[in-house]
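Quick notes on the structure that follows.
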């Protein structure tokens, strides 16, 4: 799932400073799940904006909506009337949602209210960790299902760097596991440590050509 | 010509630079040949940086050779292969060895080169790179730390006046000029009007920036077709293709030289721009012929 | 049609003096939707209630607001009145103009009273009624454990008519206490034969609970016994897995001598000493015995009783010199004070020391040195038998059971009961209970108390065969729920699970039985999908809206 | 509703504490308005923000004493949300101290009155300061 977090209020406020009526648009999928841009966050941000602008004597009118998936044109189209009513759209969707909205309503400024951070999973309630770097060349089969591309601070492919802390923690953050220690534990448990001994050739960074495109097999 | 390039740029005259392409390998004999041949005929020798994303002998290495042989090198730096730390370190080294001119470029994508699976760095872009050079010039690194000795680089960059659409390109040129450049080399251009418009645009912003029109001789119909097809930002007009088509077989190179020289004369006489940058890739030894035909020697 | 709201103003038999009820009535009657305002002086008296019923029958309001005393006492009274008059009890809202207005302010009390009524009116307007259902429950109870408290609970439940299954990991019931009943102060044999003769109790040994899910009245449990898998439904589950003890390591010059290999034979546990005293198996009566107590574990109720009993027995039977090294003697257990006096009386010496005693072993004799707090000097005792301090621990498998029933463990790994003052034997997970040693440092008399209270609670829950529940009081909107699992992770009552609904979509489904209506989920839901009737967002916000309106 | 102070009171602790204050005739600021909630954990950030939008001078969230929450984690959740709300208010350049969380037991009416009065007075002073 895509993880995002809300931008600092100051930044958001600055981006809508010149607008009087703003549509605050949430997304009902990934960013709802990661508490960054669902209906609850839409309500909070809209209220906070009204309070801030009201206190500054520069009142703002907010409209609120949450689209099931902002990265789908068909779903975004459903809110076109609300968009038409507003001077600008403040989107709490991931970068993909913001761009879909911006493309569909290309005469309106569509402004991001969250920073899209990574693809991850919840470690516990309210805490998400990065799991996948969308490299386009998955080699989790060789690493016991732990991706060192993103879970190692240096993205190393052939084992840990020399900085692993006591207890198998990362040199740059004692709260984070060294990915290669995790790989080792996992492969050891499965009796497949030989996999870790194999040389991993330099990564094929061409696997995802930017901009990425995936064409599904024709049905 | 051992006058510093920066001084040349300040003078009224017509500036001429050309390129030395490093070889793919540790041998530098060919480069030395070209340096010896060209160093006194032009104001500056550009050394390409893994040109077309093909891994080669480093630009910086050839620049040092140029210095050793008494020429004036222009160090090309792209953002593709090095992050901001490596670029700064290289620039400090270059400066310590007398290299004084830097051409700040984005760099081609690795997709077009011979290491297609490589990770592209692009930690910075060309505008940020220009800022970086100025920061070093003020004796600081871009993290804000003071340096034991700063640099004093003359900063250049490149532009594509034939791009379509041109507007976004011009906005970027505008940012580069604001960041501070002493000269701009253009991508190969074949229409005087285009250079004129570009020069006007730049002069409007900053009169002091010198513009060197990019000259790439076209030596055959096939080459023209290939470039039109595959090199973004280059448009070879039909009249040039026609003229090449009429040339007798085996005279393509001569024809290309002739047409380039004609264009250089026009540029100089009509004061369309401040100089030229001649890129005769793979045929560096024939650059003097162009210069001669254009009356620049 | 607009909602018709009837407001009843009550001056509480004149106890609300400083509010101008006439003015209040006038101002309230202007609130849109308020169709009648009645004044009363004693709405909760029989006559007041009768009057209220007849007014409701006359006026046919959809909703009722009572402005008077605190709803804490009167809410259920008025809800019954509404039901008598044919309205749902959920059509009611109170305006607390007595405790939170009249009695605490001077000034414009009438103005505030009007505002409080407005708040109640704006809330009551938005209330929805809920369907009530009687959900059938299983009356069978599973008791996990095979010791004193497990058997005791099973017998007690059986006696009040509930069928019981005992599942214990031991080979036979009472294995721990076997042979040392009087050490544990329980008559396990009699209890065991009572179980054998009880057709209402089924015993599964050695058996382990391997999975459990569901809610109060309806738990599906899998029990494994010797490779056989038994799947059953239970209405309630009692955890009675007891405790074990470990000898606290004692070290001599940094070398552990208890708990490690090569531990001297003359360092024993309380139970070992009890057996020695009981069967006279020791060849030579120890001349001097020392006990260590409470130097590393504060939870010493059980070890204190064991120490006192053993110390007295050693004095009386063997005539040994007996020393007890302790910080404190905790005598809050039943009979402990008496035992302590008896021990002192028969010559047991208590050495109060504020730090752990130091030990030295020389040729089999153990020398104990400790600073006596009262003497202010070091005391050295050479003994030929040392009774090591015992620390209570949860038995193996406690964590697995806690995971299974989603209940918390305290810092020492015992079951953390919901609220030690209010519901010591219950958990936040309704229908799951714990008794006895598995919830900490309890002695037999307290265990017996636990057994009584858990039996009462289970009787209340299951005896009628049904649990009455309001349907969908807290509910996740099928359309809005994105199955983010947040509510499931935060629910303190483990009342929510992921479930496929009719259209095949997986969403959070909240159990009407297990839900305790706290609303934590509704507040945290990032999709605003959880609707908590009575405290919906709009119902809360409507009250805020009504404040200060005039 | 300019100037009102809104107190979200948990029905297991703060609400009975307020009632007890009433029975003991302990006076407190008239501007206090109590909204009854089943647990402090029910109070959502948006409830607090909307109260300020409506012109509330301050918002109080009152839950059970630490470790004695009827719903185990409700009071700690409430505290987290109040802290979040404080940040949100500060970000909006309002005074984050206008919202506060307190733990209270049902038999502590004096504490209820003290908390209420302290917040009301603090806000009054800060208004005067402005």
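Going in written order, the chains are labelled A, B, C and D, and every chain counts its residues from 1.
To be clear about the criterion, a residue touches a chain if its C-beta (ideal position, glycine included) is under 8 Å from a C-beta of that chain, and two chains touch if they have at least 3 such contacts.
Bear in mind that the values here come from a model prediction, so they are computed numbers and not experimental data.
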For this session: Report which of A-D and A-B is connected by more C-beta pairs in contact.
Result: A-D
Exercise. Comparing centres built from CA atoms, which chain ends up most distant from chain D?
Worked result: B
Problem set entry | Chain nearest the global centroid, as defined over all protein CA atoms shown | A
Seminar exercise, completed: For the pair chain A and chain D, the C-alpha centroid-to-centroid distance in angstrom is 35
Exercise. How far is the middle of chain B from the middle of chain C, if each middle is the mean of its Cα atoms, in Å?
Worked result: 80
For this session: Report the inter-chain centroid distance for chain A and chain B in whole angstrom, where each centroid is the mean of the CA atoms.
Result: 40
Problem set entry | Cα-centroid distance, chain C relative to chain D, in whole angstrom | 28
Seminar exercise, completed: Residues in chain D with touches to at least two other chains are numbered 44, 46, 50
Exercise. Could you say which residues in chain C touch two or more other chains, in rising order?
Worked result: 490
Exercise. For this entry, which pairs of chains touch?
Worked result: A-B, A-C, A-D, C-D
Problem set entry | chain A contact footprint on chain D (complex, rising order) | 44-46, 49-50, 52-53, 88-89, 91-94
Exercise. Mind pulling up the chain A residues that touch chain B in the complex?
Worked result: 202-206, 209
Problem set entry | Contacting residues of chain A [partner chain D, same complex] | 8-10, 40, 43-44, 47-52, 54-56
For this session: Flag every residue of chain C that touches chain D in the complex, lowest number first.
Result: 70-72, 96, 98-100, 103-108, 112, 115-116, 119, 418-419, 421, 428, 490, 492-493, 516-520, 522-524, 532, 534-535, 537, 540-541, 543-545, 547-549
Exercise. Residues of chain C touching chain A in their complex?
Worked result: 480, 482, 484-486, 489-490, 525-528
